[in-house]
């Protein structure tokens, strides 16, 4: 983004950089510094929230790749998270497998499931595809439930904190750094894919499949690739979830969770990685925000016993407001703000990707 | 045109039939494209011109017949494979990727020429970066050629119809094709832009010698530029030959040109 | 015989719910994920009218149905109207948000306990014997009849008016439809109204048969596969799809494992869609003509 | 801090709310009433309530919030069993007692009990089925062909599997076992299966929806056998609604038609606080409230989790007739030393819900 | 640019100093003023990207998408201001547009495409339908085919036909001859005046082929870079030298050959 005036690029390499200007570099360092000291400043509660956001962001980025870029709608995201979590849980319970076994195993299982459930995408489009991915969700939930029932883990599988290089991962701070690394790694990986051939092919498929194919894009392969990459990232997120929360159970992976992830992608802003991050933060933090608002706002006494239903209704309401008034999502707001500050006092600049 | 006849054959369509559930679109169509030739494919609306191009690039699968290119049978191959062999095309309705910038559209057009693997891309290795820069340079040259450089970072949706058609032409060139299929590239362009287009086509022909099949309804352009005309009517061969002869053929006039208002050459 | 009746009842439930999905999909290409909630709202609406006009049960049902219709129209004008032109996914998410909102509001108003609207109306859900030893409850019979009436009404309406074509046109290219002078608002509002109306009726009858609780929403979800198997934009498809899924489910419960009845519809759906990606009677939407 | 702070995570909304929300509401009303009378040891009880909708991740977040932000001395769980694992994990980490109220008692509270977990819920795996099957055996004149009904959730399935095995040792023939998935629009197919299998008795231990809808489904089909189910909090109203003398419920809480003094007390409180749920559903929560009050009363100010744990580990709560006897917790038994059951049905001649079997006790070992 | 005031009273459409911007930033047209009188065929000519489509979209209310809007100026139809109105309201008043892209309902058959418009009496409907099939005999053969499978030219005919079916008072056509074979263009050109008289409509059309445009139009406007640079009746436009050169391709004596033009705009670029 050529932001400051008088700055010109002289080499194509510069177009490929993430960080271009000195201001951007300073901002990045500032951000990194803040991220590094955050866990030492935040209360335990805030730290836990940060951890939840980081964890969700991995899944959100994965879904953004699939839905926001490759255009393949999926409602089976919770199923994939469950698959990752169950892989970890089962391997842990049955073989006492350590984390460096369960994590790659989850990724592999995710990739296989992604491949399988990507297959319908070769024939199906849009909402038909979305509903067919629901099947994935139900099947994983069914299998997980059967495992729990058969092995007698009726209230979920409890797993011990993972041990990394002889270091037990059980403090929130430690988790913060692990999850931060996971989130940053996923982000970098996704951004790299998007600025190269594969990412462009996905976006082309999103726009018009037949044309992409006539231009030399192997459409089936790229679709499946999108499913495989996204699913395997998601399953890894599921595995991390299992360790982070210390338990696995089917009920943790409801359809509502899938919907929350879709909400992250849309509320954040389709077709933008930043959007995935913002969306994840928004959807995770929102209920807490409502609760906080409820605590300080006067509410009818009739409802005070039903704070929770109010919370639920408010969530719906805010989501609707969002979709109505900011269809571009949180990135839309972000860009507008950016434009405003960059161009002030001039009018806004033509928006672009 | 004698030297043309001697030129080697680039692409052959042999006894091609195309059907859609009982609806016969192409019947017994045979056509040869010679190296360096600019072949104009004309015919009334719904004659099957676009369908011929679709058959060549694998979007439609002919029910019978063969299409041979560089000693390979194209019938039965997947479109992306055919594109990789070096057959590029433009589309009648533009069909640009509206959500991407002009530059990205061209880079997608170049997809088949970029050799990078997913793992390298995920890490954006040195090799991937080098490839990206290399191909970016090529694409910029093409953008320059069609005089669209100023639009490189504009989202495709913000270009007017004619600008998009030109970008589509550039996107086809980005593949560095061995055969170029043009589907009504001039539709929606005004006289000025058509002259530019004519200039581009001629330069490509002279500088690189890529053979082209060119579907067109502008008879002036066809008459001025093409080496040979091939006329389709109702999915069947009507006639072919030098522009002058074909355009004064009564059969063609009756089926396609109508009246005598056109001024050939 | 009893099995047959069971299939018929289940299929009618699905069919009555499915037609709501179909109507809205036809006009806006949007899968209304709040349909379960609309169904629930219809049922709770009946509960509300039943407690105020308990003496005139038919009036209560009538008022509740009209309310259901109006809710759909209102939702369109207040919300969905602004979603035309947005991405389909955003519109779908909007329906989800509406669903969440409704669920919250309903819990606020009525709580989570079980209600029995049939009792409040003063009706008895008697069991009627048909064909010898097979039996059916009055409410289920009502459901089958309602399904038949709704479907024939809709078929006639779409057949003898041009609304059917206009609905499809509006769904495909709303801008062009507007340019052709099709009154988008009218069509959309009508579709939403009819969808919530039929959904509401379904909710009311289900609630009459087996009581009312917030869990009734999940039934909306179960009607998905039925709608998709038939094709999202075809009423006939919804009918046939419901029959297929209903049959499969009842037979699985009867002869295999009831637990599979949750997963199997989606399996059938997958297999079906592999062969006909746009459903049995749906129209193919993506036309890859270049 | 000037109060005994206790955190409750429960299903106030969501698919399982019907079972838990009344318990929570009643417990809250009880504690409010205790606070009105001056609290315990001169300090009020602050009951923080979080809705988890029966979802484990929400429960985990709730528990985390209670323990890290509110520094509660006890965590209460009133929700579906899927929420247990995360809450147990969190409370263990913080070493704070965890009290299951109105929710299925996990096996850790039975002897030998885990240190931190306690349960006051009326129903209990295995003992319930023992009682129900014993009742069938005692009542049935003819050979019993038993149908079994569970919901497709692990607890319910586990119990029904246990009952199936038990029934065989008691000389009954289990003819059919139906496991109903939770979102089921129509129960008739499941009922049809039971009827066609020729069951003359059906036993169900599942959430109330499944229990009641199956029996209604069976009756709609003209089935004439007898049905026994666990008496969840909705039982009293529904017995009176269904009016079926062959439909028995087995339970551990006294019903409101007994009209004990404590029942009028509950009625009064419910009326004053304008509670949403019918008064018949409030007994379970009331008992939980009593237990909570007792446990805190036995904890001297200032409270710590350790102290609360100590007082919980030897506690005897007089239930004022709501249960067949006191709830007694010991070092090794965090369930109760004696479990008491009653069986009811609708008596057509008296036109009232009637006891068919008075308190029968089982020693919990 | 200046239209004689005397003609104003008979104008059905008056566009005055219209300015349209995309995304509130890119100004696509600026100060476009034009008018269409009742029963007139008006052609809008211009170079590519000049803003012809934008003008038509602004008139027909097609703007909402792309975050475009009329930022200044007025559009009056029969005296009523219709700028920034909803498309169906504009259509309801009798303005119908044949857009340059996405002009048919792809999943409907040809017949259904013709039927899919505002409700009208079925007798007029079938009469109109027959008329359209008479104008475009090719469509009659394709009645039952899904419009998405039509060829480019067939679509164009269908779009024009369907627009006529709406019974417009003012027909806006973006790129009239787009993708049509010469024989069809010729017939259409001949028939358009007859259709105009028969149905009593006024037509504002955008056309790249200036020969055709000037043949059928009564009046024409030239738009370049978002501004109207010239207007006049047929004789005035045909006679103008710039138009001859840039729009009709006349050079020296007679028509300029496409082969000859190639070097007059020299290019320094290299293709590789």
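All chains are identified by letter, namely A, B, C, D and E, in their written order; residue positions are counted from 1 within each chain.
Here is the rule we go by: contacts are C-beta pairs under 8 Å (C-beta built on N, C-alpha and C of every residue); 3 or more make two chains touch, one makes a residue touch a chain.
As the structure is a computational prediction, the values presented were derived from the model and not from experiment.
Peer 1: Which pair, B-E or C-D, has more C-beta contacts?
Peer 2: B-E
Peer 1: Starting from the Cα centroid of chain B, hunt down the chain whose centroid lies farthest away.
Peer 2: Farthest by centroid: D.
Peer 1: Farthest chain from chain E, comparing Cα centres?
Peer 2: D
Peer 1: Measuring centre to centre with CA averages, how many angstrom lie between chain A and chain B?
Peer 2: 42
Peer 1: Determine the centre-to-centre distance between chain B and chain D, using the mean Cα coordinates as centres, and give it in whole Å.
Peer 2: Chain centres of chain B and chain D, defined by C-alpha means, are spaced 75 Å apart.
Peer 1: Roughly how far is chain A from chain E, centre to centre by C-alpha average, rounded to an integer in Å?
Peer 2: Centres of chain A and chain E (C-alpha means) sit 47 Å apart.
Peer 1: Which chain A residues reach two or more other chains?
Peer 2: Residues 210-211, 214, 306, 309, 311-312, 350.
Peer 1: At which residue positions does chain C touch at least two other chains?
Peer 2: 103-104, 107, 221, 259, 262, 285, 288, 290
Peer 1: Do you know which chain E residues sit against two or more other chains?
Peer 2: Residue numbers touching two or more other chains: 22, 26, 149.
Peer 1: Which residues of chain A touch chain C once you look at their complex with the stated criterion?
Peer 2: 67, 73, 120, 123-128, 130-132, 134-135, 138-139, 142, 209-211, 214, 255, 259, 262-263, 266-267, 270, 303, 306, 309-317, 319-320, 323-324, 327
Peer 1: Which residues of chain E touch chain C in the complex?
Peer 2: By the definition above, chain E touches chain C via 60-62, 64-65, 86-88, 91-92, 96-97, 99, 102-108, 112-113, 115-119, 146, 148-149, 162-163, 166.
Peer 1: Please name which positions on chain A make contact with chain B in the complex.
Peer 2: Chain A reaches chain B through residues 12-13, 15-16, 189, 192-193, 195-201, 203-204, 206-208, 210-219, 225, 229, 271, 350, 352-353.
Peer 1: What does chain D use to touch chain A in their complex?
Peer 2: 12-13, 25, 28, 49-51, 53-57, 60-61, 64-65, 68-69, 80-86, 88-89, 93, 106, 152, 154-155, 157-158, 276
Peer 1: Which part of chain C faces chain E closely enough to touch in the complex?
Peer 2: By the definition above, chain C touches chain E via 85, 162, 165-166, 168-169, 172-173, 175-185, 283-285, 287, 289.
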